[in-house]
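The following pair of complexes shares a single chain, subunit A, combined with subunit B in the former and subunit C in the latter.
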Partner chain A sequence: MLALKLAYRNIKGAGLRTWLNVAVLSLAYVLIIWHQGIFTGMLKHGSQAVIEDEIAGGQYWHKNYDPFDPLSYDESHGPIPAELAGLIKDKKATPILIRQAAIYPEGRIQTVLLKGIEPGQTILGIPSAGLDKEEDALPVLIGRRMAKSTSLGIGDYLTIRWRDVQGTFDAVEGKIVEIMNTKVPTMDKGQLWVPLEELQKMTGMKDEATIIVVGQNVQGQGDVSPHQSFWCGDVSDWKFKDQNFLLTDINEMVRSKRISAGILYVILLFLAMLAIFDTQVLSIFKRRKEIGTLIALGMTRRQVISLFTLEGAMHGILAVGVAAIYGIPWIIFYSKRGMKIPQATEEYGFALAGRLYPSYSVGLVLGTVLIVMATVTIVSYLPTRKISKMKPTEALKGKIS
Partner chain B sequence: MPLIKVESLVKRYPMGKSQFTALRDINLQFEKGEFCGIIGPSGSGKTTLLNIIGSLDIPSEGSATVLGKKIEVLSHKEAARLRCRHMGFIFQTYNLLPVYTVFENVEFPLLIMKMSEKERKKKVLDALEWLGMTDKIDYRPAQLSGGESQRVAVARAIVKQPELVLADEPTANLDAENSYNILERMVKLNKELKTTFIFATHDEKVIRYLKRKIYLVDGRVAKDEVIH
Partner chain C sequence: MRKLVLFILLISCSFLYGQEPSGKTILEKVDANYIAENRKVISTMVIKGRRSTRTLQAQSWIRGINKAFTEYLSPAREKGTKMLKLGDKLWIYSPSTDRIIKIAGHMLKRSVMGSDLSYEDYMEDPKLSNMYNAELAREENINGRDCYVLELSAKKEGIAYYRRKMWVDKERFLPLKEELFAKSGKLLKRLVINEVFKVGKRWYPKKMVFKDVLKKGAGTEFIIDYIEFDVKIPEYIFSKASLRR
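And now, the complex of A and B:
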């Protein structure tokens, strides 16, 4: 208590020196929290967008399906198993048939994935209902990225060529009926969405699918009766992939970005440490006569060391207050307004749409405050060890022995 | 039993490869209520002796017993407790804590003693009244003159009413008038509270007030004179 009282008096009396340290430390707090919040937001919003538009509650994959191997697509289809058909009927799952195809926008050939989806499905957040239209050609849904790269617009026609189940080439005219604005590039680039039933007919794969996407509410509530016995397990030729598995890539991407963020974290922490360390070293050099006086007046060396350490640590406490004054409005502003993401960033494959909304948790704020406080206290203590070697008689003369 | 007993005291300091002897075979006793001075030119060892009596340093040989405690065997903590409870220090350069006000400077020894706030306030105001500084309790040391600063330093030394006050050249930086004021107050304190004062000085203004004069020459007691 005594040390606290004296430390408070000392840092109050130190004036500008105190405020300079507090300013540097508070900046470190705010920048670390702000920066970490960006990555948390990136992960949170990216994951949310992917869950809503692509993976929902998880997916059943045909045993031959490998999204990273286009050559596997020819073999990765099979009849929808009876166990899952019930879920599909109850609108708790939706099947998707995936085939390779080629299109000829403006006379140029381009390889695409032809994906058949039920127009009436509500499991994925894409506007598949747009496919439920009577048209003079095969209705096609594409994303805005695909529309941009192929220069296709609503009402445009294009030739689609594919191979059926026998390997025979066939072609049909497609018409763009809707352009969707999905945040998830993997649902958009190089993909044509068509009605499932049409695609099944075109390929001779009646009642077949490549993947079956399960609704989020189904997984969340475990509401799968009467299929409880196979839930979250494999079903004959179908392997269940849960959300964690399907989010592995995005998590890995954020993790790798966090490493670069970590470097900035260390630099900011180092700057804060340097400010405190310098102040402490300078204090001990400048205040050696004062240290001698404190000892002469009856303080023990340990008390003097505690006093100086506490003075340093109190900069950290003051900085929390100062950081709160300008940091909280700043952080709230950015978390509400978001940060505009350059288009180039979108091309990396991150599901972020146009703006990134940083996300801040109590754990992030408290964790950062604790780490900075602990660092400041340790760095404050290190130079004060010199006091224990000081001779009071020398210190009183202003010398360091 | 004497308040302070110094026996065959020797103090040496390392100086390069050899050793410098600052005090040689000092034997002295001080009784409670004495108003005495250790007198000598610069380098005679008077500050060294004062520091040993004040438990800020230890003898190389011999012993110094202060208020029943042998200085040479005290731990840092015990020495700090002895200074905190029983001694007051006055320095040539005042050594006031620069960021504290006059009140806070005088209050400081009482804070270390963990005295209650109410008691602290009363004692600080009493001490400042004694020294005629009540009108400047909110001033900081930088706003005070030399004489005022030393009065605050005296107030800080006597606020806890210690048995012993050690003053190292307390008037060296003061003019005649301020020196006179300070010394008059110290004499008054010595008479009224029976506080023992030991000065290290070569200032004639101080020497005139002393009731016992111990002359040091080259680290030895050359003369120990009691004035009646």
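And now, the complex of A and C:
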């Protein structure tokens, strides 16, 4: 307790030097927590958007389907298996047929993915009901990003050209009936959504699909348990991919962003630690007589080292208080109001809304405080090792042996 | 009596002489004009885009209907780019990256060097009588030349263009105009031959314009600078190794 009082009095006495250190340290606390909160928010909201609009409770993929291999698209289609047909009928799953096609916006050829979906489905959060309209051309739903890149608007016509199951070219006029505002770029960019039945007819792939998306609440429904098996009976041509698998990319992306942000934290902490290290070295040099007196009065070298280390570590404790004064309102403000995301961020292919809401947890705050405190304590201790080599008589004279 | 028999014979002969050939016969004659065992071609491709025009020159070696090797000679940017077609497979070599890429799937839909011709068009079986039933629809005159108008419909499933319309010169059996349709009947591409020339006993297109009608622009012009039929082509030309040579 005496050491604590002494330490507090000493760092208070150091005046501006202490507050400068505290200010830098508090900035490190706030920036690290705020930045990490952004990534957590990114992951939380991104995953939520992907689950709502793209993957729901998981997906059955046709055995040849590989979303990262466009060469696989031609062969990745097959009859909807009997076991999943029941789920589809009960509106607990929805099939999607994916084919490659070409469109000609403004007279330029552009390769797109033609995706057939049931207009009445409710598994995915996209406004597919808009496709259930009687039109003089094939009704087409596109995303906001696609509409922007192709300069297409509601009511516009476009020529769609594709090859049927045998490889023969076919072409039809499509009409944009709806533009959706999905947060998920992989449901939007380079894609046209059309009624499933129409696409099956157009391509000669009656009752076929490429993927089957199951609802979020289908666990334990009937024999098809999407969270357990990969291969099951009649659906041997269909591989089940659960949410964890389908969210791997988003998790990896956030992880890599966290790692790259770590460089910033290291620089911030390095600056703060440099200041504390310098302060400690200076403090020991300036207080040689005091160290000698304390030892002469009966304090062991270990106690003196502890006192100086405590002084250094106390910067970290004070910084927590200062950070709380301006950091908590700052963090609350951003978590409530969110941050406007620059338009260029959409090009990263990350599922984000117009505003990003950082997300904080007790674990994140405590973890950050602990890491910074541990670092401050270690850095505070390192210069004090010199004290153990001091001779009290020399120290009393103001000399360092 | 003898005069009557002679008259009937004369009438029959004139009827037979005046009878139009069938669509199939015309198409076979068109194929005969185009197909050769081996040929070497130097051609110029003028790609007329919306903003600019690009000119490329290429040298090709073609064997039958299944093997073709093309090397771009100019401009400097494309010089050394090579394409190899072996049956239904296509590879392209880019000297700038020193890589051989197999063109398949969605890449086949892309245009060849920004032209109106896609890799899929390049891959097509050039022997039309193998793929289409031809019907003689009528006769028309194009640029002062009498033509048969043939309506072609696919013999089997899987032919890229389900229907074609072809204006074939009655005398030279060379198509002067061709329209390619989708299954739905929508016109997709148009080929117009503006100039022809005689090589040995065959008539061959000299200048033609290929136009993807769904795309903006004036189309792509092909000019045959040099063509030689039945030349000797070493077998190694049609190998993947020759792409890097």
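By our rule, the second predicted complex is superposed on the first by the 385 of 401 C-alpha atoms of A that agree within 3 Å, B and C clash if a C-alpha of one lies under 4 Å from a C-alpha of the other, contacts with A are read in each partner's own complex, and residues count from 1 in each chain.
The definition used in the following text is that a residue touches a chain if its C-beta (ideal position, glycine included) is under 8 Å from a C-beta of that chain, and two chains touch if they have at least 3 such contacts.
Keep in mind that what you see is a predicted model, and the values were worked out from it rather than measured.
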Joint occupancy of subunit A by subunit B and subunit C, clash or fit: fit
Touched partner set for A:Glu198, first subunit B, second subunit C, both or neither: neither
First (subunit B), second (subunit C), both or neither touched by A:Pro392: first
Touched partner set for A:Glu83, first subunit B, second subunit C, both or neither: neither
Subunit B versus subunit C as contact partner of A:Asp242, first or second or both or neither: neither
Partner chain in contact with A:Pro70 - subunit B first, subunit C second, else both or neither: second
Partner chain in contact with A:Asp156 - subunit B first, subunit C second, else both or neither: neither
Subunit B versus subunit C - smallest C-alpha distance in the overlay, whole Å: 72
Residues of subunit A that lie at the interface with subunit B and also at the interface with subunit C: none
Complex interface listing, subunit C residues touching subunit A: 50, 104-107, 109-111, 154, 157-162, 182-184, 186, 188, 212, 214-217
Residue ranges of subunit A touching subunit B (in the complex, touch as defined): 2, 5-6, 9-10, 12-14, 289-290, 292-303, 391-393, 396
For the subunit B and subunit A complex, residues of the former touching the latter: 51, 54, 56-57, 76-77, 80-81, 83-85, 87, 89, 91, 93, 95, 97-100, 104, 108-109, 111-114, 156
Subunit A to subunit C touching residues, read off their complex: 70-74, 100, 102, 104, 106-109, 111, 159, 161, 163-164, 166-172
